[in-house]
Each structure stands twice: as C-alpha cells, then as structure tokens.
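All chains are identified by letter, namely A, B, C, D, E and F, in their written order; residue positions are counted from 1 within each chain.
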Amino acid sequence: MSTSNTDRHAAGLVTLKSITGSSGEAVVDSLKDIAPDFADWIVAFAYGDVMARPGLDKSTRQIATIAALTALGTASAQLKVHINGALNVGCTPLQVTEAILQMAVYAGFPAAINGLVAAREVFLERGVSPLSPQ
Amino acid sequence: MSTSNTDRHAAGLVTLKSITGSSGEAVVDSLKDIAPDFADWIVAFAYGDVMARPGLDKSTRQIATIAALTALGTASAQLKVHINGALNVGCTPLQVTEAILQMAVYAGFPAAINGLVAAREVFLERGVSPLSPQ
Amino acid sequence: MSTSNTDRHAAGLVTLKSITGSSGEAVVDSLKDIAPDFADWIVAFAYGDVMARPGLDKSTRQIATIAALTALGTASAQLKVHINGALNVGCTPLQVTEAILQMAVYAGFPAAINGLVAAREVFLERGVSPLSPQ
Amino acid sequence: MSTSNTDRHAAGLVTLKSITGSSGEAVVDSLKDIAPDFADWIVAFAYGDVMARPGLDKSTRQIATIAALTALGTASAQLKVHINGALNVGCTPLQVTEAILQMAVYAGFPAAINGLVAAREVFLERGVSPLSPQ
Amino acid sequence: MSTSNTDRHAAGLVTLKSITGSSGEAVVDSLKDIAPDFADWIVAFAYGDVMARPGLDKSTRQIATIAALTALGTASAQLKVHINGALNVGCTPLQVTEAILQMAVYAGFPAAINGLVAAREVFLERGVSPLSPQ
Amino acid sequence: MSTSNTDRHAAGLVTLKSITGSSGEAVVDSLKDIAPDFADWIVAFAYGDVMARPGLDKSTRQIATIAALTALGTASAQLKVHINGALNVGCTPLQVTEAILQMAVYAGFPAAINGLVAAREVFLERGVSPLSPQ
C-alpha cells in the first residue's frame, strides 16, 4: 500500500511498453472510449501491480501467460499480444513454440494446434524463423 | 521418429523422476490396473516425447504447467504434483507463488486463490516457507 | 407440469421477442433446417420454461447471461444477442459495461476485454453512447 | 410440439430409469426442495425431450456424455452418474475407459486422469473389472 | 487515478464487509501468509476499484458473479461466498436460485446442479428457506 | 511398448487417412514448418497410439470427439475436421446432429448452437442433407 497510484500507473506504463511495445498502449487507448477505468486497470493493476513485480523474470512471465492462454483457448488476440511480448523481452521463437507444444499434454492437441496457429501468424508478421533458437 | 520406444520410455522415466520424485511413478503405477497403456503414455509421451525436450529449461516448463493448470482450474491434484515438481527442479516457493498470482490477471481471482490454496498445501507438506526467495 | 406445450411455446415466443426483438426469431428460424426440434427447445424450454419465469426481473436475467457468457468466453455471437437483449429490456449501456468489467475479477482481463469488444460492436450498431447512464 | 407435457414427463421418467436406475430419480428428488421446476426439467427436458430421442442409440449417447464431462472436468458427480449409465445400457467397462483415454488427446492428460479416477470409483462400487471387454 | 491507494483500500474494505460480512476478511487474512500483496489486491482492486463502483447495484453485481461462477464451475468455495454475499446485500434465496437455474440454458445442467448444491449448503447454514421470496 | 515407432507412425497414418481423408494430412503437413515433432505426435500418438485402438469402434470415437469439442467450444476448426471424420467413417448427418444437440443439456445452448453452425458448414461443403438418416 506504500506505492501511490501515480507510481503504480508509471510502473505499469514502463512494463507495458517493455513487453508489448506500442501495441499494448494501442489496446489500452482503444478501450478508453468504452471503459476508461478498465483501460487504467490494465496499466495500473495488470502491468503496474502484477507484471512489474520482481519475483519472476519477464521472460518466464510471458511464457506463463502464453501457456495459460493457450490452455484456456478463449483469447487468441491476447495470446498473440503475449507471443509478441515474449519475443520483445528476449524469448526465442523456439521457446515460445515449446511452451505451446507442452500444452498438448495439459490441455489437449486442439488447444496446442490453435496456439501454434497464433504463433505462426506472429512469427510471419515479424519475419522470424519459427525454429530459430535465438 | 529416430528414437525407439525403449528410448522414449527410458527418457520419460528419467524426466518423470527428476520432476516428480517418487510421486509421479506412484500415479503411473496406480493407473496400471485400469488403463495400462495410458500409464505408459504418461511416461513415453508426456514425459519422454514432451517434457524431456531440450528447448525450454525444466524450471520454466514447470512454471508453464502451473500457470496453465491454475488458469484451467479443473485439476488441483495435478497442480499440486507440478508445484512439487517446480520445487524439485529448482524453482523457489516465491517463483511458484508469483506464477499463480499472475493468473489473477489472465484467469481471474478465484482461479488464483485456488492455486494459492494448492501451493500452501504443498509448502506445508514440504515444510518450506511460502515467501522464501530461495 | 400444468402448463401445456402450446402454452410453453406461446410464453417462450413472447419472451423471445421482448428480449431479442426480431433477431432471436431469425436465429431460431435459421436452425429449423438442420435441427427443427432444437429450434423449438430454444422457444419452449430456454425462453418458455426458463427466461419467462417471474422470480427474477428481465434486466437482471440479461445481466446474469452477459456475465456468464463473458466469463465462459466461448460464445461471442450469443453474447452480442444478450447485450442487445439487455438494452431491449431497459438496461443502460453503462450497466452492460459494468457487468462485463466485473468479469475481469472473476474470469480475467482477456475475458473482460473480449466482452467489451462485443459490447462496442453492439453499441455501434445501435448508435448508442457506451458511457450513457440511460 | 405434438407431444404433451404428460408425455414428455412419462418418456423422460422411462429414459431416466433405464439409464440411471434408481440413482437418477434420487438426484431429481433431492432437488425438489430447492428447485422443484428444475427437477422437472431434468425429467421432461433433459431425459424426455433430449435423451429419449431415437436418432442415436443409448450406448453412444452415454459415451458422448462421458467424453464431454471428462473434457469439461467440472462435473465429477455427474460423470460418475453417466459412467454408471453407460454400464446400465450395455457399454463395457473397456468402452467407457477407451472414451475417457481418448480425451487425453482432446482435453489433455489431467482431464483423462480425473476421468479414470471417476471410472475406477464406479467400477469398484459395482465390482466390475476395469479391463473387462464385456 | 484521482483516488489514492489509501482511499482504494478503505473503499474496498467497506465494500468487502458489506458483501461478505466477516468471512471475506477471513479469506483475505488467510492469504496474508502466502501472498500478502494478493490479499491487498482483493481489497483494493477487486472490492475497491471494481465492486465498489456505482454503475450497477450491489444485488445485481452479486447475481452477475453467481451466474459467472456457476457457469465456470471451477470455484465452488467462491460461489458460496457470493451466494452469502447476495443474501447479505438483500437478494432473496429465490433470486439466487433463479440465477443458478438460468445457467442450465447457458452452461448446461451439470453446472446448474452444482450451483444448486452450493446454494443449498449456504441456505442450510443460514437457516433460510430455499423457496422464500423474501 | 512392444510396438516400434515405425509401427506407431504407420498405424497412425492409416487411421488418420481413414478418418480425415486428405485434410488431416494437410493439417499435419502445415505444422511441419513450425513444429515438426508436433506434426509427428499427431500421427504417432493421437492417431497411432490412441485413435487406432480397437476397444471402441471408429464411429463412436468420432461421436465422442464431436461431443467433447462441442462442449469445450474452443476448437471450431477441429470440430469441423471431426464432423467430416464422423461422416467419413460411416456416421449419418443425423447422428452427428444428435450428438451436438445432446450437448445443450451438458454444456448449454450456446455450445450446441455453435456446434450446429459448424455441422451445417460441413454438411453444405459435402452437399449432404442435414436431416438425412443415412
């Protein structure tokens, strides 16, 4: 509770940018017309309170989100945001793909296939090789 | 396809033991009466083909599984197996907890609370402090 | 059991029209070629037996459905039907948005974002202001 | 709409008994104190309108329900009811187990393991061998 | 962003108490040993930022949460908290039951049955009649 | 474990072709650029180890998969593959539709509607009558 709301928002913006580049801010901005407070919660809570925390490194946090969204199978747009996020914070395409493949065991083959389809779209958009270990 | 089934099974057993200690083998053994082939799939496919792969380190794989099972919310027994697995391969209690907390953002607070309840049970059984960074 | 099937069907049609206008009947009609009995179940069971019940007012019933479909995240077309339904029975755009926002807590931010995207589409189609309290 | 409600209810009771023996009626009766109309919907809609339909044989209907409830992973009590139901209408323990195993592919290993745990409980209660092909 | 964190926390505590009585605080307190920041998020974010908002009345918010948790089927403990919460803020047992029944249409009969089981437990603990309209 | 990997792969290819015709192989081939081992798992594990098993006939296996994917609601592309698969191994359009309708009871009306939408697309592509009993 010692962090002020200004600090939460500032920390959230820094984390949002480092993970999503300009695309995260675009999502936040696009929500301001319909739900301005929700747009602020993404910055201050999701990125400021949660994703900015030091206890787990940024790459592992992105892998955790990719695994969860692949398993849930209900948020393909957000999955693509976080596949981009993983690459932005230093994960390789291969690490992203491995996390998605692993979900075949925990959430079934259709979930993994749909995760791979999302990953391929992101890799194509960025012009990276899907099997690149770096 | 170059790996023989004997190799798959052997690799799976090594990985299963390194992650779950003796408890994973106990689960596999307990399934042999009702579904012996399924017991073998856990070893040869889930651990031999998938979890033994080199492209993602063991700690990150356990965090990915913890994130997915916390988000799905339908497999508390398996979540506990993989919280134990995370600690067995070198994750700290704090890292496990962080991955679960993060699911509040991606799957909601009830999912995260139920994940924390599972984690607390594992930490108590092992006698480790939940906030320990090491 | 005292209600006849004719009564169930008639009550269902009235409720279906009051909630969905002409769009609900269009969905029902579109299903008659592939599953005529299912089309009847929507009218007689879903709307006649369930949604026509007096124990909860129509607005609250639509909010309950919006909350559930936002949380599940697997039925965006039906979510839009019930966002329209909520507005048809007297909910304000703001009340619809609040119910969706609340799902960030119970089902996660991606579920809420996808719910907001559906709501914005409906609000645009109807030409209503998303932040209108009336 | 030509079927009267009395007919729906009567058809539902016959189907309910043939699938669940006395246990289904016990579930229905137990719900009468809290939701008497819902208890009637189980009989008249779920069993009368849907499960009594001729287009798919009873065994296949039970296998379909077992597959769905195993995949969803949120209704273990109902899964046990329908594993019993499958055996009551002539499925073998092996067929039940096969349907559950198959869900490892479509919904992941934890879902299949939890389905097997439910099946083992039912097989034990009935004193049948899990691997019996008849 | 004009609300300070002290204000968020204070507003959250008031809302938490008005909805959950002493049980919500007990849940929050029980989480402090394993995840103190998460305990604070429940108060400041879930109840302070979200549930305290004026745009939807407290009764409808509880009905929305009950509908969502019944549909998801993965959080029975939290469902019971919010069934209690609904009764605490003025919903009748009948309104709670109606919202749960409605989920038979949107999430299936097993989800509704499990919701009714949770409701019956709460009604019994509180000594209220399940069919009471007041 | 007595089956060699060559045998698993060969059995899987035969089963894959008998169920999906050429479309399954196309899916497998399309995944080879991004995840070649996963493409092999589909053949050797999903179709070779699991779907080729003798304990349940091919038609019932397809119905089980259709029921599960309809209930989950997160894999419409794969649902269409298996609706085609059901027709390929001898199920009638009516049997497919019945399995989907039944999911209204176990997973809700929106899940069943979305399943019917997928079925209608497949029936149209194949030029078969949706109500044909043969």
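Just so it is clear, a residue touches a chain if its C-beta (ideal position, glycine included) is under 8 Å from a C-beta of that chain, and two chains touch if they have at least 3 such contacts.
None of the values given here were measured: they were computed from a predicted structure.
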Original post:
If you take the chains that touch chain B and keep only those that also touch chain E, what is left?
Top reply: A, C, D, F
**OP:** Farthest from chain E by Cα centre, which chain is it? Let me know.
**Re:** F
Subject >> Pair joined by more contacting C-beta pairs (E-F or B-F) >> reply: B-F
**OP:** Quick one: superpose chain A on chain B by CA and send over the rotation angle as a multiple of 5°.
**Re:** 180
Original post:
Residue numbers at the chain A-chain F interface: does the shared fraction exceed half, giving same, or fall under half, giving different?
Top reply: different
Original post:
Which integer distance in Å separates the CA centroid of chain C from that of chain F?
Top reply: 31
Subject >> Intercentroid distance (Cα basis), chain E paired with chain A, Å >> reply: 29
Original post:
What are the residue numbers in chain E that touch two or more other chains?
Top reply: 37, 41, 45-46, 53, 69, 71-72, 74, 78, 97, 101, 103-107, 109-111
Original post:
Draw the chains as dots and join the ones that touch; what shape do you get: line, ring, star, complete or other?
Top reply: complete
Original post:
What residues on chain C touch chain A, complex-wise?
Top reply: 72-74, 97, 100-101, 104, 109-114, 116, 119-120, 123, 130-131
**OP:** Within their complex, state which residues of chain C touch chain D.
**Re:** 1, 3-6, 8-9, 37, 40-41, 44-45, 49, 53
Original post:
What does chain D use to touch chain E in their complex?
Top reply: 27, 31, 33-35, 37-38, 41-42, 46, 69, 72, 74-75, 77-78
Subject >> Residues of chain D defined as touching chain F within the complex >> reply: 45-46, 50-51, 53, 55-56, 59-61, 63-72, 78, 94-95, 97-99, 101-107, 133
**OP:** Write out the stretch or stretches of chain B touching chain C in their complex.
**Re:** 71, 103-111
